[in-house]
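As C-alpha cells, the structure follows; a few thoughts come after it.
Lettered A, B, C and D in written order, each chain numbered from 1.
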Amino acid sequence: MSLEFTSSEMMSVTAARALTNDMTCFVGIGLPSEAANLARLTHAPDVTLIYESGTLQTKPDVLPLSIGDGELCESALTTVSVPEMFRYWLQGGHISVGFLGTAQIDRFANLNTTLIGDYREPKVRLPGGGGAPEIATNAKEVFITVKHSRRTFVKDVDFVTTVGFGRDGKARDNVPNIGRGPTVVITDLCSLKPDPETKELVVISLHPNVTREDVIEATGWDIRFADQLETTPAPTAEELEVLRALKARTHSHHSGQQ
Amino acid sequence: MAEFLSLQEAVSKHINNGDTVAMEGFTHLIPFAAGHEIIRQEKRDLTLIRMTPDLVYDQMIGAGCAKKLIFSWGGNPGVGSLHRLRDAVEKGWPNKLEILEHSHAAMACAYEAGAAGLPLAVLRGYVGSDLPKVNDQIKFIECPFTGERLAAVPSVRPDVAVIHAQRADRNGNVVIEGIVGIQKEVVLAAKRSLVTVEEIVDDLGASVNACVLPSWAITAVAEAPKGAKPSYALGYYDRDNAFYKDWDGIARDRETFQAWLNDNVFEKGVA
Amino acid sequence: MAEFLSLQEAVSKHINNGDTVAMEGFTHLIPFAAGHEIIRQEKRDLTLIRMTPDLVYDQMIGAGCAKKLIFSWGGNPGVGSLHRLRDAVEKGWPNKLEILEHSHAAMACAYEAGAAGLPLAVLRGYVGSDLPKVNDQIKFIECPFTGERLAAVPSVRPDVAVIHAQRADRNGNVVIEGIVGIQKEVVLAAKRSLVTVEEIVDDLGASVNACVLPSWAITAVAEAPKGAKPSYALGYYDRDNAFYKDWDGIARDRETFQAWLNDNVFEKGVA
Amino acid sequence: MSLEFTSSEMMSVTAARALTNDMTCFVGIGLPSEAANLARLTHAPDVTLIYESGTLQTKPDVLPLSIGDGELCESALTTVSVPEMFRYWLQGGHISVGFLGTAQIDRFANLNTTLIGDYREPKVRLPGGGGAPEIATNAKEVFITVKHSRRTFVKDVDFVTTVGFGRDGKARDNVPNIGRGPTVVITDLCSLKPDPETKELVVISLHPNVTREDVIEATGWDIRFADQLETTPAPTAEELEVLRALKARTHSHHSGQQ
C-alpha cells in the first residue's frame, strides 16, 4: 500500500527518526520542534526535549509558536532561568544533540541566520544567532533540518552565524571541548552527511520520488552524492497520522485565542 | 525599599531620554504595558537591550524611541521578521538604529555577570562564528589554568531594568513564576528597576525557593493588570498567539503600523 | 538515567580509592549516611572537597579515608573546632592530611563554574587576604574591558558528587527544597553523582521553579531515610543541635572517637 | 535606676545598636547573629538579615546554632543557592553591612580565623575564612564584634584571613569596587573605630565601669584613645529583657532535641 504525503511531511518524519529515546535534545523553534515532538509522540517517547526558555524535559501537547509558550513550562519536569540553561545545561555538557533550523547553509554546514548582503548595509536583515552559535559547539552533535532551495543551500554563507565546519571544513580541528558538529542535514528532498575527511556535505539518501537532478537543481554548489546512495523509507501510516494530528491541534490552538 | 507608583509616574520618574534600558521577559511576562507607556511619553535616544527584541521593541523602535539596540535574536517567534526593526536597520526609518549583536549564551552570561557585579562574563562561545568580526565588544582570553581560549564579553549594567511579574506583596516584594528567563538578573544588574505586576496581594504565596525579588532590590513597583499582553502571565492569561501572527501584517507597512500605534497606544492612555 | 541502587552498592560501585569526592549540603541535607557507608567500606586516599567540612568529614578524616581536603570553613558550626580535622592537620593522625584552602565565595564560584563546564571561575575576591600566599591555585587576571584585577580559581570538577535530597520519583528525578546550598552545582560539576533521598515517591510534588535534578543528570539514587542526621531535612526532621554540641566531647579524644565510630558506624552496617 | 548586666550583654547590646532599620546586613554566626537579631527585636524591626546559607530577609525566633538552621529558611522571605548568595547578593553590591566575628584582630582591623603559628606547622588550626574574606571587601562597610583579650587583640595577626586595612593601613587605597571596610569594632570593654588617616583602631567609647587600664591590659599593642572619649550608654531594661529571652529560647531549643 502506498501513502500520500507531502515533501514537508517527508522532511519532518525523516528528521524525527534521527532522534532516539536516550537523547537529550536542545530544540530549535519551527521545523526542529515539529520533528522533535513527532519523535516523542512516535518511536522515542522518552527522548528528553529542552527549549532555551529554560524548560527541561518538556512534553507539549501542541507545538509552541514561540520558544517559551506556557505549554512548554506547564508540561516540563522543571523550568530554570535562561542563564542556568545556557551555562549549566548547554555549556555544562548535558546536551547530546542540538536540533537547528537555518535561513542559509553552505557546503561545510555553516549556518547563516544573521543577514543577506553586507553586515553594515544588509539587503535582508534576519533575526540573528539566538541560541544557535553555542548550541552548535557545546552540544555533542548537531542535527539540521531546513527546506532545500538554491536560496538556502549556498556555496558559502554570507555570514557564519553558527559554525558547521568553517569556511575550510577545519574549524573544529584541535579545538578543545567542542562537539562533533553537524552529523546530519535533513531537507524536504534528501538527507546529507558531512564527508568524514573534507566535511563537505554529501547526499546519502534521496527521499521517495526525488531525483538527483532535483537535488542538484536546488543546491547552490556542485553537490556530491554518496557512492551507495539510499532511498529514504517513506513515512508510515502511524507517523503521518500523528504528525497531522499534531499540526491540526497546533493550528487550532494558535488561531483560537483572544 | 521599592516605591509604589502608577505606571505613568514610574516611567516618567525613572526612564530618561538617552538611558540604557533593558526590558526583559523571555517570551513570557514581556512588559508590554511599560513599553507602551514609554512610547506615550515619547522617550527618545534610548539604548535598548533585550535578548529577544520581540514585538515590544518592534513597537518602540517603530515609534522612534531607540537609537541603539543590543540583542541576540530579533524576530517574531514562529512567525518571521520584526518589520519595524528591519525598516530601521535597512532603511533608517523612523531613524537610524545602531545595532550591537550577540548570541543568546553571551547575553545570558553578560546579564548574569552584571547581576554578579562583575565587569565581564567568560563563556565557551563564539567558536567559529563571524559575530566577533562585527561586534568589537567580544574578546577572547586565555584560561590561566588550562590555556583554553574562551570568549569574554562585558557585563550588562543598564541604567534601568523593566520587567513584568505576577505579584507583589504590600511591602513591594515580587514573585516571578514559570519561565523566569533573565528577569532576576536584569533587575540586579541595573542601576534602577521598574517592576510591573498583575496584582498586589497580601501574601506572595511563593514556595520556599521561588524566584523572589526583595523590595529592597527594586526601585519601583507599578500595578499593571494584563501588563504582559499579548505575551502571557502564567496563572493569569495565555499568550495571544493569534495577535503575534497578525502583527506580521500590521508591522509590515509604515502606515498600518502608525494607525495601530495611534489606536492602541496613544489613544488608550494609561491602562 | 539514574540507576536505583542500595547505598552499599552505590558507594561500592561509584567511589574508588583515590577518587576526588565532593559531598555537599550547606548545613542542611548533609549526606551523613553516605559518609558512614564510605567509612564502613574503608575507602582510602580520597581527596575530599566540601565548603564546610563539618562533622561528616571530621568522621571520615578521623576514620582514615582522606589524604587531602579542599575546603573553605572547617569548624563545628556554633560549637568550635573539628578535632579530628585538627588532629590530622596538626599531628598527622591517623594520617597526614594535605589541605587546600579557599574562601566560601571562591569555592561557591568554583563549583558554579564546574557546573557551567568552564575551567575557571572569576570573582572579585581575596583582596588583601593571605590565602593566595598559601594556595597556589589562586591567580589574578586583568579584565580585558576595564583593567580591573580579579581573582581566578580553577573550577571544581570532582570524580564523584554525593548529596542528600528530600525525594526522588520512580524515574530518578530528584527535588531539593529549603537551603539548597551548592547541591545542584556539585552534581552537575562531577563526572559521577550519587544522590541519597529520604524517600522515593510517585510524584515529586515540586513547584514549577523548584530545584530539581533530572534523572539523566544523576548517576545513582539510593534511598536513605534519615540519611542527613544529625543534620536535617526540611519537611522531614530537625537539625540535632544537641548532637553537634556533644560531638565536641566525642571527637576531642582519639579513643572516645574510635569507640563512637565502632558503635555508631561499623557495627550499625547499612541502614 | 541602675540595671545589672554582664560585659557580654553590654557587648551584644552595643553591637545591636550599630544596626539601623534601613540596613541590609550579611550576618556572621555567633556574636554577630546575636547582635543582629537583638537589633531586629528591638529598635530595628525592619533590618534585613541575610545569612550565607542563602536565606534572604530572615527573622528567626531563636538564634541559629549553625549558619543554616531550618529556622533561618522557614522564616526567610526566600532562600537562594549559595553561589547566588555570594555572586548576586554579596558581590552584586546589595549588602550594606557585613557583621563579622573573629579569632584574632590586629591594630589595622585585619582578621585571622585561619591559624595560630606557621601555616604549614600550625600551633592551632582555626576553621578558616568561610564567607568573611569577600564579605569584608564586597559589603559597603563592616562591623566587627569580638571579646577583648590580649590573645585576640594582637599587634599583627599571624595570618590575614580577612583584610581590614592591611598590614600598613593602606590595603583599600585605590582599589576599585571595594567597600569602606571596618567602621566599628565592638568588644565587651569598649567600641573602637579606625583613625580616619592611619586606619589604626582607636577606642572611642568605654563601656560603663570599664577603665582605660582594663582596655590597655587586654590589648596586645599600644592602644590609643580618642581625645573625646565617651562612655557607652548602658543597656536599657527592654534591651536586656529581649536579649535574655532570646538567649533562653535559644538555649532551650538547642538542648532539647533528640
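In this text, a residue touches a chain if its C-beta (ideal position, glycine included) is under 8 Å from a C-beta of that chain, and two chains touch if they have at least 3 such contacts.
As the structure is a computational prediction, the values presented were derived from the model and not from experiment.
Student: Strictly by the touch rule at the top, which chains does chain A share as contacts with chain B?
Tutor: Intersection of chain A and chain B contact lists gives C.
Student: Counting C-beta pairs in contact, which chain pair has more, C-D or B-D?
Tutor: Result of the comparison of C-D and B-D: C-D.
Student: When the centre of a chain is set as the mean of its C-alpha atoms, what distance in Å lies between chain C and chain D?
Tutor: 28
Student: Which whole number of Å gives the spacing of the CA centres of chain A and chain C?
Tutor: 40
Student: Averaged over CA atoms, how far is the centre of chain A from the centre of chain D? Could you give it in whole Å?
Tutor: Result: the chain centres lie 57 Å from each other.
Student: For chain B, write out the residues touching at least two other chains, lowest number first.
Tutor: Chain B, residues with two or more chain partners: 117-118, 123-124, 148, 178, 180, 184-185, 208-211, 234.
Student: Can you tell me which residues of chain D touch two or more of the remaining chains?
Tutor: Residues 73, 79-80, 87, 91, 138, 177.
Student: Considering only which chains touch which, label the overall pattern as line, ring, star, complete or other.
Tutor: The chain contacts form none of line, ring, star or complete graph.
Student: Who touches whom among the chains?
Tutor: All chain pairs meeting the touch criterion are A-B, A-C, B-C, B-D, C-D.
Student: Which stretch or stretches of chain C touch chain A in the complex?
Tutor: Listed in rising order, the residues are 115-118, 173, 184-185, 188-189, 206, 208-210, 212, 214, 216-217.
Student: If you look only at chain C, which of its residues touch chain B in the complex?
Tutor: The contact residues of chain C facing chain B are 117-120, 122-124, 137, 139, 141, 143-146, 148, 150, 152, 154, 177-178, 180, 207-211, 234.
Student: Within their complex, state which residues of chain A touch chain C.
Tutor: 24, 48, 56-57, 73, 77-80, 87-88, 91-94, 138, 177
Student: Report the residues of chain C in contact with chain D in the complex, numbered from low to high.
Tutor: Interface residues on the chain C side: 26-28, 51-52, 71-75, 77-79, 81-82, 85-86, 89-90, 101-106, 108-109, 111-112, 123-131, 134, 148, 178-182, 184-185, 211, 230, 232, 234, 238-245.
Student: Inside the complex, what are the residues of chain D that reach chain C?
Tutor: It is residues 29-30, 52-55, 64-70, 72-74, 79-83, 85-87, 90-91, 110, 114, 119, 122-134, 137-138, 159-163, 166, 171-172, 175-178, 253-258 of chain D that touch chain C.
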